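Please read the structure below before turning to the comments.
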C-alpha cells in the first residue's frame, strides 16, 4: 500500500505538470488578443501595446511559460489581465461557494441515490421499482438549468420560501444565510446527480443481490438485511466509488450552469467570464486549480477504492471496471 | 503416419527420467527421445517469468515427437498452461529455447511461423470462450485455412465440411452459430478448427475438463480416433489422469514450474517415483468395482 | 452635497435614515480604478458616491461644479484656473489639496492609463499648483469640452497606495467591502463635506444574468435594478404595485454601421435605402417593448445638440426600393453583417435580415466575438456592415474622424467638428454640432436603429434614485427608503 | 454418438480454475434460454424490448419533425411578422417569441440542430475514441497504465469546460459546440473501448485465432470489433443523449449555435424571462429535449437487452 | 454442542472405505414415501418453475434421515443446484417452488415447511436446520472481508460468542478443517488463499452453524484432484463426527460414491433412478444411469490398466 501510495503520488505530480503544460499551450494557441478586452473602443494602438507589455503577453512563449512555472512554484497564480488583481485570492474566495455547493450536493445526491437505487434493484420486478428506474431515466434527460428554473419559479417566486439566487456578501460569516442561498442550487445539482447515480447504485445492487457470497451468508442463517449490511454495502460500494469520484469532479467543474442560473459567485462563473474576456492568467489559474482538484479527487477515489477492495491494492491503474 | 508406437512396448524404468536430470547443468538433451527421430517441437531448458513476477517455469525440457502424444499433469498453478503457451509460440521463454523441427522458433520469422502455425494447432479448456460468438461455425473452422492463405472461402471449402464430419458434427453446422451448440459440440467445433489444416501436433489445454463425464468420454474417443486415422500427435495438459492414460503415450509431471518426472505413461503412472505423482494417482476418485463384494 | 436633481421620483414624507439599499446590477467592477481597467461597473458604483470630480455631470446631462468652488478661463481660452472647495477631506482623513487634483488628472493622462477619456486630454500642456487651493491648467489648443471632460476625472488622494482594491475619495460614501463576483458595499462617510447621504449603506449586488437579476428584485434580495436589460420581464413589474418601472434616457445607441468606404455602402443612396427599408420602430418594439426611443441620428436627447431627425430617413419600403434602383441595385445585393455574439445584436441582425429580404437584399449574418469585432472591424476595417452599440454621450464627434472604423469621410463635417471644439461659447458649439448631426443623417452615415431605454425598476418603497444613469453612473446618496 | 442438446446443457460444468467469463463471451451463452439468472426483469424481457419500441417512437417523432423541417415549416425561420409573444392558437399553433417568430417553426428547426449536434459529436467521439481505445487496449503495462489513468483524468473534465475553451478560441457556433462535445466524449468512449478490448483479448478465441496464424489487424477486424460493437453501440446511444443535453446547455449559456439557428437550449434561455407571460416558450423546447434524450436512453436500454441480453443494466 | 467442543483433531478421511461400510449398515431412510421419525429433510413432489412457467425440476421426492448421506447426481443443467437452493428457500428471484420441502426444525419437533414460508421463518431455519457449501469457493466468499471476519459471522450468530472467545473459536474452526497457518489465513482475504483453502473456509463456516443437514453443491469440482480428495476426506470425517445428515450434489458418480451411501440420479429435473451407491453403480437400471456409469468406467479403465 505504501509503495502504491508513493507511485500514485508520483503519478499525481507528473499529471499535474503535464496538465500545466497542456493548459498553458492550449490557451496560447487560442486566437484573440487579450489586450483587446482591456480597452474600451476608444483605445489607441499605443495604449494597447502598453497594456500588452504590462501583462507580458508580448514576450516569447517559453519565457512566459517559465515565468508561469516559477509563479506556480511560489503558489502565485499571477495577475489577471483584465482586473490586474492577483488571481489566487479570488479563486480562493470563489471556492468558498463552489466547494460547499459541490460537497453538499454530492452528499445529498448520495443520500438520495443509495437507498432509492437499492430499492430500485431489490424491487426491480415491482411497479415502484420500475417507476424509480423510469424517474431516474427522466432525471438524466432533464437539463440542470430547467430544473433550476422550475425550482426558482416555485420556491422563490411563487412560495417565496427560499432566495432565488445570490450569495451573502459576507459569505460564511453568516452560515445560516449562506446555507439558505445554497439550498436551491444544491437541490438542483443533487437531483440531477442522483438521477444518474441511482442507475449506478441500482446496477451495483443488482450485482450484489445476485452474488454468491450474499447467498452463502443467507444460507448460513444471516437475515437478508444483515447480509446486505455486512457484505452488500461494501461490495456495492466498489463500483459506485469510482463513479462517485468522477461525478464529484464533474460537478465541481460543471458548476457553470447552475452558478449562472442562481447567480452564485463560484469558480464556474469566474471561469466563464474569464474565458469570454480572454483573461489567460485567470483561466489558467482556474483550470490549474480545477485540474489539481480533479486529480486529487481521483487520487482519493482510488485510495478509497483500494481501502474497500483489497484485490486492487498494488495495482496502479484500473478502477472497479 | 498412422502407427503410434504402443507405449507398453517401452520398458517402464528405462523410459523414465527423474527430477535430477533436468537440474543437471548445461542444456539437457531431449530426454530419451523414443525411436521416432527428431522431435517436432521441443523445449530446451526453458524458463519463464511473467513481467513483474517471479519466474513460474524453471528449466523445462520437453520433446514432442511425432506419434508420441504427451500428457502434462500437475496441480493448479504448476505452470502447465504456461508451458503450452511457450510451445504455441505465444510468448518467448525468458531463458532457454523452443525448437521447431530442430531449429529455433523465431516469432518474427514469417516464413517459419507460417509453417509452424500450420503444423501446430491448439484446443482450449473452456468451450464457451474459445469460440467467437459472432462468427458462424463455418467461419470459425475455416479461420486457420484463411489465415494461412490456404483458402478464401468462409464456408464452402470442402476441407471445412470434412473437418466437421470428422468430429461428428452435421454438415449444416457450418451455417450456425456457436451458441446453438452444447459444450461437447462446441469442443468438437474447436477440435475441427484445430485439425482443419491437418497439423502434425495438437496442443490442448484441458480439452475435456469442462465437460460432463459422458461427453468427456466421447471427446476422448474422438481424439483417439483422430490420432489413429490422421496420425495426429497430441500434447495435452490435464489434471485428469484417466484422460492422460487413455490418450498419451508419454507423461510429464509438473510441480511448481519444474518437471519432476517424465517418461512413458505406464511407467510414470504405473510405478511413480516422485511423491507428488504418487499422491496424484491415489487422489483419483474411483467407482466401486463393478463386481459385487 | 450637491443638490438632488432626481426630480421624477417623488420624495415621500418619512424615510429610514439608517436604511440599507440593495442595488442590483449586471456590471461588476473589474477593479476599483477607473484609469486601470475598472470598467463600466466601477463608474456605476463609485462615481459620485465614493469619488468626486472638480465638476459633476448631473443625471440630466448638465455640468455642475463639485470640488471646484469656482473657475476662470483666460481670454485666449487656454488657461483654466480652478479654486478648490474648502474643508474637503478624503476618507482616509487627509485634506484635499491642489496636488491631489494635479495627480488625479495626470493619472488619467499617464502613459499606462487605460482611461477611455485619455485622448480627450491630449491638449493639456501643463498643470500648475500655485497654492493648495488652486490648480491652473494650460492647454495647447482651445477646448470647449474641457470642463465637461473634467467631470470624468476622479479626484483621488495622491498618497493612496492601492486604488485597485481599496479607495480614497471624497464622496458621501466610503467603501465597506468588495466581494469579487458578488457584491460591493458602501457606508455613509460621516466626515463628508456636503449633505450626508440619506441612507446608511448601499450594497451593489452583481449578477451575470438578467433573469437572475430580475428574480432578485422579485424576491426582495435587491431594492432597485440600475439598468434593466431584459424587457420581457418588465410586464411582471409593471403590473405589480410593489414596483415602479422608470423609463429614463440613456446615451446608448444601437448602430447598423456601414463601411462607408467600400461597395455598395460607399453609395449614399444605398445607405439611405437600407435605412429606409428597416422598420426601426418595430425593431425597438420587439427588443424593448414600449421602451426606448428613435432618434434618427447619433445624438441622444441628453446632449445639448439633440434634434429629432427620425424624419430624414423614414421607414418607407417603396422609397427604399426606389433609392436602390437609382443606385443601380434594383435587384438588391448580398452583404455580410458582422454581428457581435451578445444580445441584442444577434436579435437585431435576425430582424434586419428579414426586413432587408423584402427589398431584395440578402444578408448573411456572421456572428463574431467582441475580440474578433475589435480586430476585424475596429482595427482592420475589414467589413461591409456591422452592428454595434455606442454607449457614450457626446460621441457624434467620431464622424469627424475619417479614419474611424466606419470610414465616413466628409471634409465639411470634419471641419465643423474641429471648429466646434474650438468654439468660445457652448451656443456656438451646439450650433455647429447640430449641423454635423443633420449632415450625417442626410448622408445616412450609419443607420441609428434606436436609442436604448434606461429602465430603472425599483421597489415603491424607494425614492430619490437617478433615472438616466448617464455614462452608467448611479448616484445613490439621495435614495430614500420608507 | 449422441450429444446432449444445446438446451440441456447451456451451463458449463467447470472443473478447474474458475474462469471468469465476461461480457461478450457470456452474451450468447444465455441467448439459448433468453434469460439472465438473478434478475427477474431480465427474464421478463422478451426479444422485442418494450423500451426499444418506446425509445424508437420518441426518437422517431423527433427525427420526423426534423426531416419535415427540411422541406416544410409553417413560417420562414426569420419571419418576424407574427407579432410579439402571441399566445398559442391560430395561426401560430404554439405562439410566437418576442421577435414575432413562430415558435413551432423554431422548435422544428431546433430538432434538426439537436440531432445534428448529437450525431456530429458522436461521430467525432466514436472515430477518435474507438481508435484511442483500441490503441490503449492493445498497449501493455506502463503505456496502458498511463493511457488509462490519463483517460480517467480526462473523463473528469466536463464537456462544458472544454466547450467553453473551444468557444473562446473559435467563437460560438454549432460546429464548435459539436467539435467540443465530440472531443469531450472521446475520453469516455476510449475508456469503454479499452475495457471491452481488454476483456475480449483475454478470451480463448483470440488466442485460438492467433495460434491459427491470424494477423493482428485481422484479429481486430474479425474478432475484436464484432464482439465489442454491441456494447459500444449501446453506449454511443447513451452518449448521444448526453451530447444533445450538452449542446442545449451550451446554447443556454450562449456558447452554442448562434441566434438565427433556433437551438432548443437557446430558446429556453430566451424564454426564461417570460416564464409567467409566455410559458409555452419554456415548456415546449424542454419537453422535446427530454423526449429526445429519454428516447435515446430507452433505445440504449432496449439495445442492451436485445444485443446483449446477459449484461446487467450497468450505468 | 458438547460433542463439538470435545472433539479433538478429527479423524482424517484416509479410512473412507471403512467409515462408509459401517455407515451403510446404519442406513438412513431410503428415498421413498415413508419417512421415519428422524428425518432431517423430506422433499415431496418438488417442482421448480421459471416465471414463464417452464419446469426446471419436476415432481422430485426424496428424504434424508439424521446422520445419513444422500448423493444427487446428474449432468450439467439437470437441476441439482436448483434443488439444493430450493431446500433452503434461496431460489433466484422469479423462480417458484411447489410441492413440499420439510426441514426438521429442532431435535425432534415437527418439521418446518420451506415452500411458501416467510423470509423471517426461513432465516430461522437456514444455518441451523440446514446449510450449504457452494461449488465456487472464490465467489462464495465475500471478496472484501478478511477470512476471520467471515468465519466469525456464523459463530457469533449461532453460538453467541464475542471477543476473545470468538477469536479462539474462529481459529479452532479453521483448525478443524485442517487449514495450515490458521493465523495467517484469518487475516487473509479470499483472493490471497488457494482454491482448496477457500473451500475449506467455506466448509468451516458451514460447520460453524452446526447444521442438522449439510448440503454440499459440487464442493470440489473447482479443485485439483489431490486437493479434491483431501477436501472430500475431510468432509467425510467431519460429517460423521458430528452425526450430520449430508446432501451431496455432484455430476461425478465417482466422487459421489466416495462420500455417500444413497444416490438419486437426476435427468432434466426429474429423478430417473435412486438407490444405494452399490446398487446404482453395479446394477444401473435406467439407460441414462447406465450411460453415466459406463462413461465413468470407460475413462477409468485406461488408468486402471496402468495403475491397477
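The letters A, B, C, D and E name the chains in turn, as written, and every chain counts its residues from 1.
Rule of thumb we're sticking to: a residue touches a chain if its C-beta (ideal position, glycine included) is under 8 Å from a C-beta of that chain, and two chains touch if they have at least 3 such contacts.
As the structure is a prediction and not an experimental result, all values here were calculated from the model.
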Far-end chain from chain B, centres as C-alpha averages: C
Pair of chains joined by more contacts [C-beta pairs], B-D or A-E: B-D
Separation of mean Cα positions, chain B and chain A [Å, integer]: 55
Chain centre separation in whole Å, for chain C relative to chain B (CA means): 90
Chain centre separation (chain B, chain E; CA means) in Å: 35
Touching two or more other chains - residues of chain C: 369, 372
Multi-partner residues of chain A (at least 2 other chains): 31-32, 125, 209-210, 260, 272, 278
Shared interface positions of chain E, touching two or more other chains: 75-76, 92-94, 136, 139, 195, 224, 251
Residues on chain B engaged by chain E in the complex (per definition of touch): 75-77, 183, 212-217, 220, 239-243, 245-246, 265-266, 269-270, 279-288, 290-292
Chain E residues touching chain B - in the complex, by the definition given at the top: 75-76, 194-195, 223-230, 232, 251-255, 257-258, 277-278, 281-282, 291-293, 295-300, 302-303, 305-308
Parts of chain D lying in touch with chain B, wherever the complex brings them together: 1, 3-6, 8-10, 12-17, 19, 21, 24-29, 31-32, 141, 203-205, 207-215, 218, 222-223, 226-227
Residues of chain B that touch chain D when the two form their complex: 51-52, 76, 88-90, 113-114, 117-118, 120-122, 124-135, 140, 143-144, 147-148, 168, 177-185, 190, 193, 203, 206, 209-212, 214-215, 218, 221, 239
In the complex with chain C, residue positions of chain A that touch it: 31-33, 36-44, 47, 50-51, 54, 80, 82-85, 90, 93-94, 152, 156-157, 160, 163-167, 169-171, 260-263, 265-266, 269-270, 272-273, 278
